[in-house]
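Mind looking over this structure? Questions follow.
Chain nomenclature is as follows: A, B and C, assigned in order of appearance, with residue numbering initiated at 1 for each chain independently.
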Amino acid sequence: MKLKNMLLGTVFGAAVAFGATAAMADGHAKELTVVSWGGAYTKSQVEAYHKPFIEETGIQIKSEDYNGGIAEIKAQVEAGNVTWDIVDVELSDAVRACDEGLIEPLDPSILPAGADGTPAQEDFLEGTLHECAVANIVWSTIFSYDTTKITGDVPTTMADFFNTEKWPGKRGLRKGAKVNLEFALIADGVPAAEVYDVLATPEGVDRAFAKLDTIKDDVVWWEAGAQPPQLLADGEVLMTTAYNGRIFNAVAGEGKPFEIVWDGQVWDLDLWVIPKGAKNKEAAMEFLKFSTATEQLAAQASYISYGPARKSSAPLVGKFHNADIDMGPQMPTAPENLTNAVQNNFEFWADNADQLNERFNAWLAG
Amino acid sequence: MKLSQRIQSNGFYVFAAAVVLFALYTRSWAGTLGFAIIFGIPLFAMGELPPYATRAQKIGKYAYLTICTMIFIFLVLPILVIIPLSFNAEPYFSFTDGMLALDSAAYSLRWYADIFRFGMTAPDAIEGWWADMWANATWIRAARNSFFIAIVSTALATGFGTLAALGLSRPEMPFRTAITSLLISPMIVPLVITATGMFFFYGGTMQGIIPGYENGLANTYLGLVLAHATLGVPFVIITVTATLTGFDQSLIRASQGLGANGWTTFTKVIMPLIIPGMISGALFAFITSLDEVVAVIFLADVDQRTIPRQMFSGLREQISPTILAVATILVIMSILLLTTVELLRRRSERLRGLSPG
Amino acid sequence: MSDATLDMPVGGTAQRAGNEPLVAADGTPLKQKLAQTTRRMKLRALMLTMPLVLFVLIAFVAPIGDMLFRSLYNPTGSNVVPAFAEAIQQWDGQDLPSEETVKIFVEDLAKARRSREIGRTVGNLATRLNYELPGYRSLVTKTARRAARITEGPYKEALFAIDKRWEERIVWTTLQRITKDYTLAFYLAATDRKYDADGSIVQADELYRIYVPILWKTIWVSALITALCFIIAYPVSYLLSTLPLRISNLLMILVLLPFWTSLLVRTSAWIAMLQTEGVVNNIFVYLGIITDESRIQMIYNLQGTIIAMVHILLPFMILPLYSVMKTIPPSYMRAARSMGASGTYAFMRVYFPQTVPGIAAGTLLVFILAIGYYITPALVGGNDGLLISNLIADHIKKTLNWSLGAALGTILLVVVLVFYWLYNKLVGVDNLKFG
């Protein structure tokens, strides 16, 4: 019986001891937490921003991945326990988070002037500075295919992506209404400039869904940016929409035989925001200023094909870091890639995302 | 029927012929083995049929046993399949040709190494490797979180649960059904609902109530421990009450009549009887916590990620055989736990004279 | 216990003088003493359960209560535009609100625009309005940006100048509704309904109906899973109950192993089994049932969800069936046979009825567990294999419409509790056992 007493004592003793540890484990300080989209994109930021920043300031950085959206920021801010210090978000999310008071307002005058001396407000591309956010890159959603799987007659337009008769096989699409509806309309013959006008009408939405309906059974849905290159490489899909930088890096970095189709691309901004109540706000501001300087933005462009948000960075953009590839033509903003392109309309999506996603989910489940 | 007799039966000849034909047709040792297992086991399990059994009855019984064999295979095959797959040399979830040909080059331990290396700052460094692994390896951190949360919540659930079960099994217990239903309900209420409620209550409503947790219990170990303790409670209640059914209440009176005080009665009379139930209840609670992922998804931050949470995001985003390696380790652990519980149950039944052994 | 002494009746002495009943050592009548002791024992039993009951109430029941509360209570409107929230309630819903009310609205909006306090920003109001009037989010944010510049009347015209949509009566009726703290709107949304301009309840447009169909789907999928589990479990349980104990104990391990194995492990196992390059497809290709090109999509859809969930829930069916079947003496069947009943007849009339308690226990348990499943559908369900739990989680974790998530959760909870009550009635919760 002694043994059993001891056993019981040990269990409760352990509980108390662990309880105390739990309390201790719950309250210790940490380094700067930078949150971004993972994979090749985060890697480019680690190379271009994090490493030089750590070197210069000695502040350690913890890098975390997420899949976009403001859910986590909101949950942290409302719980009053903000563990993220600076987050890379899409424009429509930045606008909404700012409206809801989830992120800190940012004064653009604190940003360093361009390398050529242009003040920051003029140096940044138009629309890339927001009252709560500072853009770092221009990125795009495009579609891509494997050149070893599709030979001869290759797809060149968004309409081809939807043409499963000529190119039978699975298609990869990001799970959600955003961008897919734009693609569907472009494929259905709507000129890029009119996409949001059409989408603003109920008939336009019906038309987009009707177009998506034509390939619904062939779609493989992805959520994380790292998935599409994987899907293509595994042969799970014949063509997939993807973030252009991920495809480029699979090609340039890993020698994958993928081809990007720029027709109908939907481009957008990624911006840094600082969640309200971030524990390391000072360090986060330092990081924000550091990473959006001319040099760092240009440096990032040598690791992934996303366009820098500063005009002064453009001339500094050279070749891919470990291959002889000019980065200029790989950017979403290169003139030849912009012939039939749409800029993501953040206001449209801030207004309609809830409703259209609801319809999208009903459509998916049906 | 002796084995020799069984081998001479007609059924066996049919079976042997079928296996040979199958082997010749598919030319695959794995396929043939599977075929032989599915159709051979029922043959050996046929057992004694009365001599007057008709041919139809024999075939019927054989068919029945074949179906049962298939169901048992359905139950365990998926779990067993992941074990060889976790030794895959390729980054896939499927058997490669090399694996099927038993080529040793097609097998490797790289995914087991990956459990330790993934997330480390310098996986190839020699100096400080252990410290780095312990502090930074993603799966190791998840394992530490899992065990920490499981142990504390199990202790809580077992302590409270045993006390309550003692009360519930007393014949004079008032409102027994109502209270039992309440205490069992964490097992019945869908986890998503429990987790949603806790997300609101622990995260929002509890803000500023507990000293040291001004921001509420979301993203804290304490919150997860409370959540998991709640989920473990029903198991402790059920197993401990089960060991107490048929408990002779007069033993307590006898012990008191012989001059023992409450504490002595508890430790000398009650404890020995409920210890097996407590331990199996605790093991259930432990494994429930270790396996629980919904509450972790809703309540935990990256710092509190547990093994199943890590598996969940792994399966959602980038499927790698590391998950299978982790899964294999977990399967081995479940086998050990299962054996313990089984032994305890038998011991308890023997103690109470309920079963022959 | 000190409570017991407090409970002593005052009139004790008087009674003793009367009928001279049996008394205990301390002079209290025996009957009373017995009642006292019983009460004390009851209290002691109750005290033993109290710590856990309290714990469960705080750690489990309170959170669920919180969820119920939040499905009805959403104070966003009155938080953001408090003065307007009061003023608009005077409006009779005809034409448009008075100039005075609109003035208060513009002032509140200008004030809210400066607020960065969580839950009190213009964005919160805009989001709340957008839930009920999709597409009107920017109307609020845009107007708020300019509200500070409207310093004098006519305020209505100033709003019309900013956006034509302020002329629509439905905007104001909706604002009137959402500035009340308690609302049924989220239950309407959860049942695919909404308010129209006059405040009457109408069905949502067909293309936007999602929750009721998914709830029904969840129910029939759970029923199907329960039925499959029953069909599979019955023969196996019968076998286990008729085999000698030594062998059945051994086979029981095959049932208990999945039961003890992590849910995530079993789900990953099924991904390995069913994916297009997986074990099952490989076997089919091998046997020549299908060709390499026409591999079957068995996972990431409803089918995958059902297969994996049947496997995961099967032990919950086998165990209660087995424990009931074990108690049925084999002699009953033999007796029926010897009296001339055919095998089928004896089974249907003698054996099967005796297993009904086990069937009730197993089916109800499996159904209750299936209806709230989240992890497996989330991982292998693809698009058409999603169940109601997945939508709830989505609203909590992704779209952040917490009130709607809470309302859906409450509806699911009610469904589950009905079946739990049924289980309690038919089986009794104290009959739950493992292993």
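FYI, a contact is a pair of C-beta atoms (placed from the backbone, for glycine too) under 8 Å apart; a residue touches a chain by one contact, two chains touch by 3 or more.
Values in this document were obtained by computation on a predicted structure and should not be read as measured data.
Set side by side, the interfaces B-C and A-B show unequal numbers of C-beta pairs in contact, with more at B-C. Comparing mean CA positions across the assembly, the chain most remote from chain A is B. Centre-to-centre spacing of chain A and chain C amounts to 34 Å, using the average Cα coordinate of each chain. Rounded to whole angstrom, the centroid-to-centroid distance between chain B and chain C, based on C-alpha atoms, equals 24 Å. Each chain gets a centre from the mean of its Cα atoms; for chain A and chain B, those two points are 39 Å apart.
Those residues of chain A in touch with two or more other chains are numbered 75, 78. In chain B, the positions touching at least two other chains are 156, 204, 316. Contacts with at least two other chains are made by residues 397 of chain C.
On chain A, the positions that touch chain B within their shared complex are 1, 4-5, 8, 11-12, 14-15, 18-19, 21-23, 25-27, 64, 75-76, 78-81, 83, 223-224, 226-227, 230.
Contact residues of chain A toward chain C in the complex are 69-71, 74-75, 77-78, 96, 98-102, 105, 206, 209, 221, 236, 276, 347, 350-352, 354-355, 357-359, 361-366.
Note for the complex: chain B touches chain A at residues 148, 151-152, 155-156, 158-159, 203-204, 207, 212-216, 218-222, 225, 267-268, 271-272, 275, 282, 301-303, 316-318.
Those residues of chain C lying in contact with chain A across their complex are 115-124, 126-127, 130-131, 134-138, 141, 207-210, 213-214, 217, 276, 382-384, 386, 391, 394, 397-401. Of all the residues in chain B, the ones that touch chain C in their complex are 26, 28, 31, 64-65, 67-68, 71-72, 74-79, 81-82, 85, 92-95, 156, 160-161, 163-164, 166-168, 170, 172-177, 179-186, 188-194, 196-202, 204-205, 226-227, 229-230, 233, 235, 238-239, 241-242, 280, 284, 287, 290-291, 293-294, 297-298, 308, 311-312, 315-316, 319, 323-324, 327, 330-331, 334-335, 337-338, 341-342, 345, 356.
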